[in-house]
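Here it is, the structure, as structure tokens.
Each chain gets a letter, A, B, C and D, in the order it is written, and its residues are counted from 1.
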Amino acid sequence: MAELTTYRESVAEGIAREMRRDPAVVCLGEDIGAAGGVFKTTVGLYEEFGPVRIRDTPISEQAIVGAAMGAAMTGLRPVAEIMFSDFLACCWDHVANEIPKVRYMTGGQVTVPLVIRTANGGGLGFGAQHSQAVENWAFAVPGLKVVAPATPSDVVGLMAAAIRSDDPVVFFEHKGLFASKGPPAPPEHLVPLGQAACLRTGTDVTLVALAATVPTALAAAERLTAEGVSAEVLDLRCLVPLDMRAVLESVARTSRLVVVEENPYQGGWGGTVASIVADEGFELLDAPIRRVAAACVPLPFADRLEDAVLPTVDTVAGAVRALAAY
Amino acid sequence: MTTTAETATAELLDWYEQMAVIRRTEQAAQDLFLAGLVKGTTHLAAGHEAVAVGASTALRDDDYVFATYRGHHHAIARGATPEECLAELMSKATGLCGGKGGSMHLTKADRNMLGSYAIVGAHLPMAAGAAWSAVLRGSGQVAVAFFGDGATNIGTFHETLNLAAVWKLPVLFVCENNLYMEYTPIGSVTAVPNPAADRAAAYRLPAELLDGNDVLAVHAAVATAAQRARAGDGPTIIEARTYRQFGHSRTDPGKYRPEAEVAQWLARDPLTLARAALADRGVPESDVDAADQRARALVEAAVAAAKAAPEPDLATALTDVWADGSAGWRS
Amino acid sequence: MAELTTYRESVAEGIAREMRRDPAVVCLGEDIGAAGGVFKTTVGLYEEFGPVRIRDTPISEQAIVGAAMGAAMTGLRPVAEIMFSDFLACCWDHVANEIPKVRYMTGGQVTVPLVIRTANGGGLGFGAQHSQAVENWAFAVPGLKVVAPATPSDVVGLMAAAIRSDDPVVFFEHKGLFASKGPPAPPEHLVPLGQAACLRTGTDVTLVALAATVPTALAAAERLTAEGVSAEVLDLRCLVPLDMRAVLESVARTSRLVVVEENPYQGGWGGTVASIVADEGFELLDAPIRRVAAACVPLPFADRLEDAVLPTVDTVAGAVRALAAY
Amino acid sequence: MTTTAETATAELLDWYEQMAVIRRTEQAAQDLFLAGLVKGTTHLAAGHEAVAVGASTALRDDDYVFATYRGHHHAIARGATPEECLAELMSKATGLCGGKGGSMHLTKADRNMLGSYAIVGAHLPMAAGAAWSAVLRGSGQVAVAFFGDGATNIGTFHETLNLAAVWKLPVLFVCENNLYMEYTPIGSVTAVPNPAADRAAAYRLPAELLDGNDVLAVHAAVATAAQRARAGDGPTIIEARTYRQFGHSRTDPGKYRPEAEVAQWLARDPLTLARAALADRGVPESDVDAADQRARALVEAAVAAAKAAPEPDLATALTDVWADGSAGWRS
């Protein structure tokens, strides 16, 4: 088998593949150039593609994302980095009100083929303002595609799909996964947006996860095997398009659903998933739907406190166990 | 587009006519709003015509324009017909945006008028981005962002001007300083007297402060700035002082404005000034009247056509979220 | 009976009552002074309280909300207006990352007793950037209280509770309700945060609504009586604190739930309500849970198109009818 | 607080000691981070001591201070003990924020040090708001926002400076210009050479550009600005040029900085400069060494105490969202 690669390296690899393929792809963001990005996710791009296509910016999130939008409307395919996903709040008007709406409100006159990449999620002790999982923010805004890969090869494959997409994509790279390893993406790897991956089949409970909750869900499923509970694990990969067909089909087999989200319970994307199943899949269910999400608090700094509020293998396993016994 | 410094008289007459078309369209919009045929809101640009026409005529056809919710004049100056505009205001299928945008979002993308944006300041970085794109594509295009005095106090203004200056982008920042935000005078909430021009030094940018009711002055300044931009010399800030003749929006009578101020500015109506300039150049009044007549006829026909146009198909509510024309969010 | 008053007038009345009571209450925002607010919701305040306590600002949403935060941390009780709720995106960093987190992340050292008032919602033909119902954005952020009154007297009573709250409150005033009328609030009226109101009892289906969807739900319930369907209507009034007890108790009686939200389905607050019922109230349910929400598109301008994407009496009645027949 | 123009020598020695305490604390933080006892990240202010101490000593005890994620020096200068700070960094219950904030959010509210904010620019309007509150309460307090050079290009900077200028608020904007953002030189992304001072004119504000490694210069400028502010004359922008001696954060070795530049700034270490000033005033070296010794002992004891301190109770993860101490979101 080929050597393993990291999720972190796969980000740069995914971007580089598309930049080689399409001269319209350009990158902009803070410290993404010679510095290679503060998470080292753009290492090598500056060297290969130079300062014209890999552009350092001032600390001006609105200008970064707004300029990306203008560039996307006029022939480029910008990939804008927002360093931490928390800072999407600093350009939220562009992310929520401009980029996703302009095509619709002009009656289809313009397209906005851009990607906003951002380091998302907690678990690293970065505190309340650098740790949030905010994919649910983007999910609440019609007109954005929302991607959140869990493995190195998905990073590459979904990056290709995101950059080639003629629609705006918010691409959440999980900080907690950067160091994780997996098989590298094959050449020309492309993972279409909106296809969940079934990572583990099972018969008793369906676990729906995303990004960093995928390994958590897999570990919980693994642990439960010993107890005789067979859990199926779905990695949604994208929130928009949302592959509810895969979820409903799985629940049709297992009759039980646990959704594992990193964002706080209140307003989390799992609520939408659960509500669709409680509506369209009501008759499939043999037990309550359970959501394992973060506590409804800002994220604390101390790791033991952070562990206490984020979903863990223990809390997921506990939820699955309870449902299986229902 | 004109690149000669001296504007030909025939051209000036044409500009006058364009301004007259805008004025008539705005008046029609107001009448239709009062008649209940335009819903939501409108922000009319009557009084601002010289900015739009002076600027647009100084640009190349493929240059990019980004406007605000007060953007009818820019749409028309970039080639939208009064009929397309009024139909949009009247929620018709034949409107510029098929009834999905409305007055605040007039867009004529096939003329590179890339939209009207209703959240103050949001379009400034878009214009910078379009300019950046032009540089990377080597197209020689420039981008222009038109914005109000009130937009000079919002964060995007600062972020964009700095970025555009550092990247030396071919972008023009044209402030239509009409002295008011909605109902509040800009001077009461701004630390400098000239809200755009007095900020230029903070970005080492050149600034032009000029009479926005004088179409020749606007044209000249924009032509020069566009030339600079195309030559790779970066952005220019242009602050055009002007005045809106209607209230801020909808039925606002604008009572917060001193009567003398209103009177003084009405006397300096951009159409009146252009008429005077034409007279100075010996153009017979009848030629100008004829232009007015053509404008009136055009807009009257536009109103009739827009009224007669069909309403949008209900199905269009669920199209064009995505580039493939669809609107589904589940795969 | 006393004369009726409008929802619009009740906003100014609610603020005025608190300003009379507590000199620490101050207001800031665009055009809120002599102009009385663009929705005329601050009419009379400038005349009564003067320019020191009623302060016009530049168009600087971040400065407005950020200054309100600093003032709240140091002894004032600011009431900041963000003219249209869409513009919360322009100060989202302060609303989502600063104000709700500072108390927690300082270990409880500071409090932030402020109110952010904003005109929310659609139905008036204001187009994609001036019509959104974004209470679900605020709902997704732990640390904010989220209020959205449906009647004039609730506006006054909830405003009193919001301004007196030592916690930050986002107060959504619905544009579509400004002209609506109802009995005026009695003197000293106070509606505690987090108590849903049961506006109509019924036995077959529970309708959960908020702000402008309250009259829609009531009208649908009314219409269905003729068909022999008895619908109970709950007005949540607040999303945080969320009165799930009232919802679960009602579902215990009716066994059926329809949630009526104005925000788009994806990421809407109804997902969280539905997911709690699908978990904690699973055994109460005799039918699928249905959410009637806006279509997942930006809001179109033309009224017939807007009507086609927002929840209406027809769509709500249709959903209730279907469930009742389940 | 000093209001006399001439700083007493005893005072200067005290400031030296405060700076030494900060330096030792930062070194300890770095060592603890490398030892794996500090998680997450740290942004050390070694090299910036003169800004914090010069400014804080020029303020009243009840004045408000708002800092960034690089804020250890400000917390200490406003009265936080090294032990409280290091315990916070080490996720201990005895930390300033009970382990819930961490290095980026040091706060000492009972000394009106109202927090450290980790999103660039966010705290600027908070400081303006605190100043507004001081005016309305007639308290005579001023508020100070410390921020980096990189923060001068973000929108809140512009919005806040304009608002503060128009409202003539008693607020000081103190830019610690250490020439770099994270790894990128500020000059490469900023349109003006002095990112804060060169923007002052855009708000009609006075600006001071000064040597941020000279504690006397900082003190004098802040004292003057605070006096102006208290007198009702509004905000001042102070740009203090300084240099961080460690990398941006965590284990960053700062390799993007030219060696000669680093050497030049290390030679201008604020402690070295203060030592020289003390020598000039005839203070015996042994007195300064004694101050150093006290600082070292204090910080050594702080490290030991912080190490020995208990971890936070897990229950505290679910407290203090709300003012009543609770964290529930359902009623």
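Rule of thumb we're sticking to: a contact is a pair of C-beta atoms (placed from the backbone, for glycine too) under 8 Å apart; a residue touches a chain by one contact, two chains touch by 3 or more.
These numbers were taken from a predicted model, which means no experiment stands behind them.
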Remark   = By C-beta contact count, A-D versus C-D, the higher one is C-D
Ask   = Relative to chain C, which chain has the most distant C-alpha mean position?
value = D
Request  = Determine the centre-to-centre distance between chain C and chain D, using the mean Cα coordinates as centres, and give it in whole Å.
outcome  = 40
Key: Rounded Å distance, chain A centre to chain D centre (Cα mean)   = 36
Ask   = Which integer distance in Å separates the CA centroid of chain A from that of chain C?
value = 30
Request  = Provide the C-alpha centroid distance between chain B and chain D, rounded to the nearest whole angstrom.
outcome  = 46
Query = Do you know which chain A residues sit against two or more other chains?
reply = 57-58, 60-62, 86-87, 89-90, 93, 97-98, 100, 104-105, 127-129, 142-143, 240, 242, 266, 295-298, 300-301
Inquiry  = Quick check on chain D: which residues sit in contact with 2+ other chains?
reply    = 97, 99-101, 105, 117, 119, 153-156, 159, 162-163, 166, 188-190, 316, 321, 329
Remark   = The answer for chain D against chain C in the complex is residues 64, 66, 95-101, 105, 107-110, 114-115, 117, 119, 122-134, 136-137, 143, 155-156, 159-160, 162-163, 166-167, 316, 319-325, 328-331
Request  = Note which residues of chain B are touching chain D in the complex, please.
outcome  = 153-159, 161-163, 165-166, 188-192, 198-199, 201-205
Task = Mind listing the chain A positions that touch chain C in their complex?
result = 86-87, 89-90, 92-93, 95-98, 100-101, 104-105, 127-129, 132, 136-137, 139-143, 240, 242, 259, 263-275, 277-280, 282-283, 285, 287-291, 295-298, 300-301
Request  = In the complex, go through chain B and note every residue touching chain C.
outcome  = 39-41, 88, 91-92, 97, 99-102, 104-105, 117-121, 150-151, 153-155, 181-184, 188-190, 256, 311-312, 314, 316-318, 321, 327, 329
Inquiry  = Show me the residue ranges of chain A that touch chain B in the complex, using the header's touch definition.
reply    = 26, 52-53, 55, 57-58, 60-76, 78, 93-94, 97-98, 100, 102-111, 113, 142-143, 165-167, 193-195, 238, 240-245
